[in-house]
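Each chain gets a letter, A, B and C, in the order it is written, and its residues are counted from 1.
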Amino acid sequence: MRVALFVPCFNDACFPGTLKATVRVLERLGMEVDVPRGQTCCGQIHFNTGYRREAYRLMERFLKVFAGCGTVVAPSASCVAMVREQYAEMAAGVGDPRLEEEVRGLAARTFELSEFLVGELGVEDVGAHFPHRVTFHPTCHSIRGIHVGDAPLRLLRAVRGLELVELPHALECCGFGGTFAVKNPHTSLAMMEDKLRHVRETGAGVLTAVDNSCLLHLMGGMRREGWLGEGEVGSGPGSAGKVWVVHLAEILASGEGG
Amino acid sequence: MRRGTRPGFPAAAPAALADQQLRRNLGKATTTIRAKRAAVSGEMPDWETLREAARAIKADALSNLHQYLERLEESVTRAGGAVHWAGDAVEANRIVAELAAAAGAGEVVKVKSITTDEVGLNRALEARGIVPVETDLAELIIQMAGESSSHFLVPAIHKNRTQIRDLFREHLGRPGLSDDPAELAEAARLHLRQKFLRAQVAVSGANFAVAETGTVGVVESEGNGRMCLTLPRVLITLMGIEKVLPRFQDLEVFLQLLPRSATGERMNPYTSLWTGVTPGDGPREFHLVLLDNGRTRVLADPVGRQALQCIRCSACLNICPVYERVGGHAYHAAYPGPIGSILMPQLLGPGVHDSLPFASTLCGACADVCPVKIEIPRVLLHLRARASDGTGAGSFQERWLMRILGWVFRSPFLYRLGVRTARGLLARFARDGWVHTLPGYGAGWTLGRDLPALPRESFQEWWEGRGGIP
Amino acid sequence: MVGRERRHTVTFPRERILERIRRSLAGAHGDGPAPIPRAYRRNGTLPRDQLLTRFVERVEDYHAKVTRVRAHGLPGAVAAALSSRGVRRLAVAPDLPADWLAGLAPSLEVLRDGVPQLLSPGQLSSASGVLSGCALAIAETGTLVLDGGEGQGRRALTLLPDYHLCVVSTSQVVEMVPEAISALAAAVRDRRAPITFISGPSATSDIELSRVEGVHGPRTLEVILVEDS
């Protein structure tokens, strides 16, 4: 089965490891992964900040890039939500039935990684091995935007050696919110502090999620506070008390064959 | 076109966030109410179908608002009431004050009505020499504290029992009062009893008004509503036009959704439904004042108008992570929280509340609990674009950053260049792989977070370099 | 003011508002009322005894006492409740059934509203209790509903005294709110009946959002549920 990898802009630049891991996992499961050339951004940053005209232009470009593709997969719930929800809204706002049709078609075949694995492929055990204590933060876009449900948790439970610890107040927003993080920084940080306190309460050594956007915000806070684990998970002097931040795709890609 | 959003929320939030007492009060209150709401809605097997019915009823009411309002006027008049129309706050205050004055009232008792707060009725009455007596416990507390409401259902949510005790000790002349809630409630009861028994004129709001029968409804807990609605000779009710319900039967939906969504109870203590004037029972004169005050402006926006479906339950406030930490005052609005962020900018038009649609992370928790299924995040996004017709209404820096980002994203060549440039810049300012201070627009990030320097190769650079082999 | 100006300022707010509404809705599909999807529960399904048990439980949840009696036990139950509460002066509606008072101690003063004249607020306040019937009761929410009908009187009657003793017949109990609304519609349409829903004694959630009983309405609510089959 062929799958086109949707490369979210900030993952491309900041978290290439997540995308490499996504490819590894998909190929391990027998997919043939294409990466359409010249990907830039789906337009979420502009759309969410009110710059809808620019977002529209980026949507048109995105549609062209993925026009010839079948299934599209991205390791980012917020970007997938953009394509599935907001693209339809923008197309409807212009009143172009052909565009709406094209958007509908793309939305129907675009998936976030965990919902693709569990919902489309029916797979929960991807052959991963990750012997660490892990806590999972369910991001707002994944839960309320594209409704992945417990797909990520099912995948994590099937990882060999992984001890899953429930995060208290898991469904509360972490405070990132895109440009909210810089436009309302104090409120964003107050929310982040509470989320990080809950992470510490779990005693887990690893924090994971399906969105690197939220993780970027949380790891930034952990780093500032001095307890972010860096380098290989669990390694280095003084690793006790440190927490590593690892995207779900990278956990799934780890172990034999990874 | 106005450029740049007013400081508004971002400027007001820090002080509220730093107020530990406020944070504790709000945190405790909203956590309690969230659990109760979840329990009483969770036990209803038909909760979702009730929500869908409520949404449909409200959408119908709004789509045919002029017809239902005319029918309401007809029904109320036939039942012995009088209907008045107020285009704005000034008109509303004039009508109410004139009616109160005509009744010869030196003071009027009031049932809590945020609509009356919205138009500033108390100030208008005082200017005419009429004393407004708030009878709702929370409004009483607010009045004593000389503050404004911070939550439209529980206006004094930001006060804890000790703070309330101190206010009562001072303003009710009860120096020995404890902070036991039962004792505080008793103090309020004694204080207001005589006012109720002597009141000639009452002013109320309304939760609903049924077009079919002319029945008006008030949902309350303390009994001050019942006192004000039945004892005085003259009753004046100020109601936003969007509160009209088409049919008497529609009440069965809202009387289930509202108490459970608002206070997390199966039913609130008292709900009063009255139809015009009933000889020998209650007021001899009933006046319904229908208020526009910007609602017709909201109605004109096909996406934004769903904000008018709101039944003021406050479930969205109680679940909002932003509201929970900042409280209502930082919104500087009669209606704060998620619903306020979509209603206020539309009611007032561009200007005062431009920052409110941005005071949200779009987490969507509000939409999950809204009993009338208002798509709050969708409307927030709509309003963020609407203010500038989609071209963006941020600061000068933001607009330029977005413009540059737009060019970069439209061209793969500029994109690659952009990534390399960002990589170089961050590397220059990074220490141990992390940037600790960003200038300008990015300063908010590094206020409390570090930012990692970019890896040596982006994914697409690496993929091309390897010929596509992971 | 010039004539032309006067005419302008006298444009009626009503017409202005209605016109603004019409303009705002122009283009929207306002082709009359749309059918409302009412897939929610409209009718109760509980068997009789479970229905009554639920009613009792839900009323007791609000800290209101419920006593169940057979028809012949009603006067005794009323007398016992009033005596236990220490009521010396009782307010009642003009048409309260006389046999409900049959068991009362002679020392208990009964104020019949409207016989011959309506009780003043002061007099009503001086009564330490009110005894009334109801129009119906809702089991799911533990609610009593008054519509000014038989044995209920005007609204102020059941509001001012500090203790409200309400007699509910088992045949008056419905399970769901929609059933109650259906049953009340006729009284509202025919005689514009003022309706009061009572669910427990008065309370406030204004102090730290936890429900505290006893503010302005009757601080004690008690129910006698009479088997009338």
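Going forward, contacts are C-beta pairs under 8 Å (C-beta built on N, C-alpha and C of every residue); 3 or more make two chains touch, one makes a residue touch a chain.
Every value quoted in this text rests on a predicted model; they were computed, and no experiment measured them.
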Comparison of A-B and B-C (more C-beta pairs in contact): B-C
Most widely separated chain from chain B, with each centre as the mean of CA atoms: A
Inter-centroid spacing, chain C versus chain A (mean Cα positions, whole Å): 53
Whole-Å gap separating chain B and chain C, where each centre is the average of the chain's CA atoms: 29
CA centroid of chain A to CA centroid of chain B, Å: 32
Complex contacts: residues of chain C adjacent to chain B: 12-14, 16-18, 20-25, 28-30, 32-34, 36-42, 58, 61-62, 114, 118, 121-122, 125, 138, 140-143, 148, 154-156, 159, 177-178, 180-182, 185, 188-189, 192-218
Of all residues in chain A, those that touch chain B in their complex: 7, 9, 11-17, 19-20, 23-24, 27, 33, 35, 37-41, 43, 45-54, 56-58, 61, 86, 89, 140, 144-145, 171-173, 175-192, 216-217, 219-221, 223-224, 230
List of chain B residues in touch with chain A within their complex: 9-10, 13-14, 17, 321-322, 325-326, 357-365, 367-368, 378, 381, 384-385, 387-388, 390-394, 398, 402-403, 405-406, 408-412, 415, 419, 422-423, 433-434, 436, 441-445, 447-452, 454-455, 457-460, 462-463, 468, 470
Touch list for chain B against partner chain C, complex: 25, 28-30, 32-33, 45-46, 49-50, 52-53, 56-57, 59-60, 63-66, 69-70, 79-80, 85-87, 91, 135-138, 141, 154-157, 160-161, 164, 181-182, 184-186, 188-189, 192-193, 196-197, 213-215, 221-224, 226-227, 229-231, 241, 246, 248-253, 255-256, 259, 263, 265-276, 278, 280-282, 290, 292, 296-297, 299-300, 302, 305
